[in-house]
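Several structures are given next for inspection.
In what follows, chain A forms one complex with chain B and a second complex with chain C.
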Partner chain A sequence: MARVLRWDVLVGALLIAVFAAGSLTSPSFATVDNLSFALGDLGEIALIALAMTMLVVAAEVDLSVASVLGLSSALVGSLWDAGMAIETIIPLAVLTGAVCGLVNGLLVTRLGLPSLAVTIGTLALYRGLAYVVLGDRAIAQFPPDYAALALNDVPGTPIPYPIALFVLLAAIVGVVLHATGFGRALYAIGAQEQAAFFAGIRVKRVKLLLFVISGTVAGFAGVVFTLRYGSARADNGVGIELAVIAAVLLGGVDFDGGKGTLGGVIAGVLLIGLLRNLLMLGDVSTEIQSIVTGLLLIVSVLTPRLVSLVRPALKGSP
Partner chain B sequence: MTPMRLTAVTALLALGVAACSGTTKSSVTSAPAPAPASSSAAKADPNAPIKQGLKLAFLPKAINNPYETIVDNAGIEAAKEYQGEAKEVGPSDASASSQISYINTLTQQGHDAILIAANDANAVCGPLQQARAKGIKIVAYDSDAAPECRDLFINQASSEEVGRSQVKLLAGMIGNKGDIAILSATANATNQNTWIKFMKDELGKPEYKDMKLVKVAYGDDDDQKSFTQTQGLMQAYPNLKGIISPTTVGISAAARYISGSKYKGKVVLTGLGTPNQMRQFVKDKTVAKFALWNPKDLGYLASYAAAALVSGQITGAEGETFKAGKLGERTIGKQGEVILGPPFTFDAANIDQFDY
Partner chain C sequence: MSVTPTLALANVSKSFGAVRALREVSLDLFAGEAHALAGENGAGKSTLVKTLAGVHRPDTGQVLLNGEPVVFAGPADAQQAGVAVIYQEPTLFPDLSVAENIFMGRQPRRGLGRIDRKAMHGQARELFERLGVALDPEQPSRGLSIADQQLVEIAKALSRDARVLIMDEPTAALSGNEVARLFSVVEALREHGCAILFISHRLDEIFSLCQRVTTLRDGAWIASEPVSGLTHDDLVRRMVGRELGALYPKEEAPLGEVALQVERLTREGVFTDVSFQVRRGEIVALAGLVGAGRSEVARAVFGVDRWDAGSVSVDGRRLPAGSPTAAMGAGLALVPEDRRQQGLVMELSIERNIGLTGLRSLRRGVTISRQAERDRAKDWAVRLRLKFARLSDGVGVLSGGNQQKVVLAKWLATKPSVLIVDEPTRGIDVGTKAEVHRLLSELAGQGIAVLMISSDLPEVLGMADRVLVMHEGRLTAEISRADATEESVMNAATGRAA
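So, the complex of A and B:
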């Protein structure tokens, strides 16, 4: 019974319900083109959510991801404009993301600061650096071959390249998180950090690695974002961190750490994306869209708590 | 692998790749441009009737911008005149990427034409091309998309005329002398940047040699940010004599700040604003003169232009003409541009005749 009531299973069911409702109410919803668009729109959020899931499971959070994305985008634009080859720029942008993540990780693990505070700080810092790098300019005209990689579908499928990459990475993260000692270590750290430490887990080193992964992925997402929109700007991706965290929470990962599944997060990402797409097809205004997503998020955080309150009471009754 | 080693390996990888040459800006820009995807092969038939039951969608920069609401509503009204159906949808923020998913949605919904005020001329390009590939006509209005991504651009006024007239308007009020600043929308707003280019050119003329442009500030078409940017300008440049704000959000925020500050009467503010937004500031003498075209006519013209395109009266080529309802006949200019007309100057004497 408890298995069936797990939140991530419910999110999966909700996802199917949204999909069914969409197919019934809107003729343009369940078309290959539309779903491909909707998936493409989720690319960066989905990629970053993978790294964020591991962080939140280990009871940490990285709010600076959208700013790292912006910094990476600004760097891509500025270097491209300066005449550097895109093949050089892309690894540099990803590397910059890794360095941003390293700084976050060092501040959290070496100085023992709370990641919420550290990454709120670097959220502002990295966004500021993005403006230093590119200023108020917008750089366009990226090479069509590379833009196609960010925008187009894998030939013969309705799956955009970034989503194909996401599927691949999700498989890796899924195995690591749910079938390896390292994954178990993340849950242990999230559930009881001190106990994990005494059990021999190198807590600080693991956390540092998670932040570096988070930064690297965000840096890469910046490249994808820039090429997909064909426009490098310092303000690219503002606010994406909230969408990512919303998806992770909606997917049933506990903000206190130690709980949650990657499957739930993937369902959460898809649910947010498809719901938004469906509301847009139904000409629902942006304000109502925000309200619906917001309510859904509150319900997702509230329901498991209510269930855990109600369940003992039920058991106690004769 | 430790994070340190991971970083080092990535760095080496980057350097390794850097060593070989690759795709650079010059190698891309020197390549021949792809052939335009437009249906230029189709022939225009000026006498074709406007099709009945056309479905149009207006996609403004952001839906909560009062100016854009006026434009779009006029366009929606115009559609009723030719038995068409139009709606307005759009994002709540004016960022480059937020219009993309709307373009995709409108494409899926199967509209005959999408009318867009582009937040970023290039960012919207890919999805607009995809829409055109499905036979949807694209009309940019208010703020242009890259010309190869749309069929027509309805320009509110000739950009050159707007830019130069703003400088003339301000110069006349400050006696051609003193430090001036510009408070613009976002740094990438296509129309504002074009106007500013012509403002700078106009300022280069000898009669403005005593006027000095000290700063172009960006309020991002956000009321609060424009307000604080104005505040910042006053503090950074104590000798400031005048501000031009060529955006309706910027000028009203700047006026609100100046009207409540010690700079009222010392710093001259002008720019582009709507009469309803600016009325109180003209009455309290914060602002003497400002300019704008008629936004209702802009939406109306865009709506008719889209209908003419879909009905095959025009294809978007230079020299073609179409009838725009009560506005009469219009001609398509260079690069598919249709110009609405010269900007109109509002002051205390005439402002009460307008309500929008």
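So, the complex of A and C:
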């Protein structure tokens, strides 16, 4: 019984159920074209979720990722508009993301502030900077070669390039999280930070690195987002931090840290992606989509707690 | 002693799933007696206490109050009936005053339901006078020592007219004179006709405080008898059901080079000018009262806290301040005081916990070798005679003594040259305690330098080659094994001239 109640198994089952429901209700859902599109539409969320998984396992969180994405996008637009070469702009945008992450990390590790509060602050701050950089303008007309990289499929497959990159990075993060000393350290920090510190783990350094990774990935996601939509705007990606966190928590990573698997998160990401796609196919308004994301977040935090309440009762004794 | 026991258990059994925690256990508590409850960890002491306190209901058998069968529906019922439990670590509301804590939910009132603070403080003061302790009812509870918090709990029990006082390991975190003060309070309560049930792993305390002792082993009742006819060894035999080797078997080991050298170490406001050295093969005890700064010195030496002045060297290499990673690299290991917060990651498995100190050495290429991780855990689990079902089980399911073995394993696996142990046997049963002592002695024999912080005086005297004593943040005495007595150590610890 306990085995069936494993969270990632549940999410996997839910994924299959949503897929089945989608196939039955919408003829255009279970087509290669649509699924390929759904995956592509998921690119930024999926990439950021990888970094977020490591943070949440270590009992930290980065809510500023969507704003970093926006700042990166605004920077790409403004520099492109100023005539800079795209080959220079992209590394600069990624680097800006890294600096944003570094600021988050320094505030958390050097000043000992809670990451929830710090990154709510920088969520507003970085978005504000994005508007400073680009104002209300929208910049378009990016070089088609680069847009193709963000938009097209790997030749011969229905897999968009960003998702191919996600698969590669997911493999790396999976190994890091589940098979390296760094991964072991993350779980120990998340579950009992003091004990990890007493065991000689450089807790602050590890956390700082996680925030830098998170910022870097968000900066890169800003580039992908801009090229994919062919439009740089300061308000790009508003609110996607919630989708990312919903995916991570749905994947069974405990918001209190120390628990969760990357497999679960990948299932969570796909679940969010399929749901968003289904809602879009059904012409459901963005307001309703937002409500669904919010409900998913609450359900994913609530359910594991209910499961842990129910589980002892099933086993029969405390 | 009256003829009818104030509170009694008659043939009580209690099971949790397949585990039979209590098997037909009987116990009589008479007014005016201090009754000890002895047994190893897992013998059923906690279940018995919780049954008396109304937390558990017996599966079979009865609880008798003044000879009448009663059923406590919950802890509130038991309190109502005059049964009070004082736990090892009291749970006061830190932001409320001492008096408010005592009268929580039962504050004296005046018109319009307003709390009558004056009356409340007056009554609290009376309670403290009856207990013969000097505590200010108006001070906030935050910042009270554990010993003072226990006294507040006792005052609370007294204010409810408790007739049975159950004390679950009240002395585990107390220093010598705090224990003495607690005992005089208990003595006074007993003379006023309270029945006391006292649980402690320190056998000396049972002998000095109690009139009778009931022993449990594996959930079964073994004996209830006067302590006057018992020796230390008798009691231990009843508890473990077998002969135990000497509890403190430190053997002579040849002394080697100085492994740990601490010079004029100072952390402002915490400890000052602490200098000492520990040689290979030597066990040096750091004694003193709780709050004298012993654990703080250990934390600084290991790099958990920074130091402001002075130096620490291991095998002649100076350590940077504030880096446990560097201390580990130099061959230091610290088995910390707080097992649950600092020693172990409770959510992780036994093997992951043991592996946590070896994340580098377990690496094969980029990844950790699960086989190496498991071998390391298995090797040490066997050497330390750890009792476990599977190495992949969470450490949380182990008993306190076995958890401590996991902490030791995790550090011994780093092959340290200096091992610092902070209260290595606190709250663990006699059998495991003897094993830990034997282990420390063996380690010293293998040439490891051991620094042991302990509040358990017999342990200090039995194990240490040398005793360093701290008082209020300073080293006040260094006493050789030959000269170390309870008196000489306590004198130095309390600041009286040695």
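Rule of thumb we're sticking to: the second predicted complex is superposed on the first by the 295 of 318 C-alpha atoms of A that agree within 3 Å, B and C clash if a C-alpha of one lies under 4 Å from a C-alpha of the other, contacts with A are read in each partner's own complex, and residues count from 1 in each chain.
Rule of thumb we're sticking to: a contact is a pair of C-beta atoms (placed from the backbone, for glycine too) under 8 Å apart; a residue touches a chain by one contact, two chains touch by 3 or more.
If you're wondering where the values come from, they're calculated on a predicted model, not measured in any experiment.
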>> Going by the contact rule set out at the top, does A:125 touch chain B (first), chain C (second), both, or neither?
In response: neither
> First (chain B), second (chain C), both or neither: which does A:296 touch?
Replying inline: neither
> When the two structures are overlaid on chain A, which partner does A:187 contact: first (chain B), second (chain C), both, or neither?
Replying inline: second
> After lining up the shared chain so the two structures overlap, which partner does A:86 touch, if you call chain B first and chain C second: first, second, both or neither?
Replying inline: first
>> Under the stated contact criterion, what part of chain B meets chain A in this complex?
In response: 2-3, 6-7, 10-11, 13-14, 17-18, 20-29, 34, 63, 87, 89-92, 95-97, 100-102, 104-105, 107-110, 120-123, 125-126, 146, 186-188, 218
> Within the complex, which stretch of chain C touches chain A?
Replying inline: 16-17, 19, 302, 304, 324-325, 327-329, 334, 336, 341-348, 352, 355-357, 359-360, 362-363, 366-368, 410
>> Under the stated contact criterion, what part of chain A meets chain B in this complex?
In response: 28, 31, 33-34, 37-38, 41, 80-81, 83-88, 91-92, 94-95, 98-99, 102, 105, 135-138, 140-147, 151, 205, 208-209, 212, 216, 225, 228-231, 233, 235-238, 276-277, 280-281, 283, 285-287, 290
> Within the complex, which stretch of chain A touches chain C?
Replying inline: 175, 179-182, 184-185, 187-188, 191-192, 194-202, 258-259, 315-318
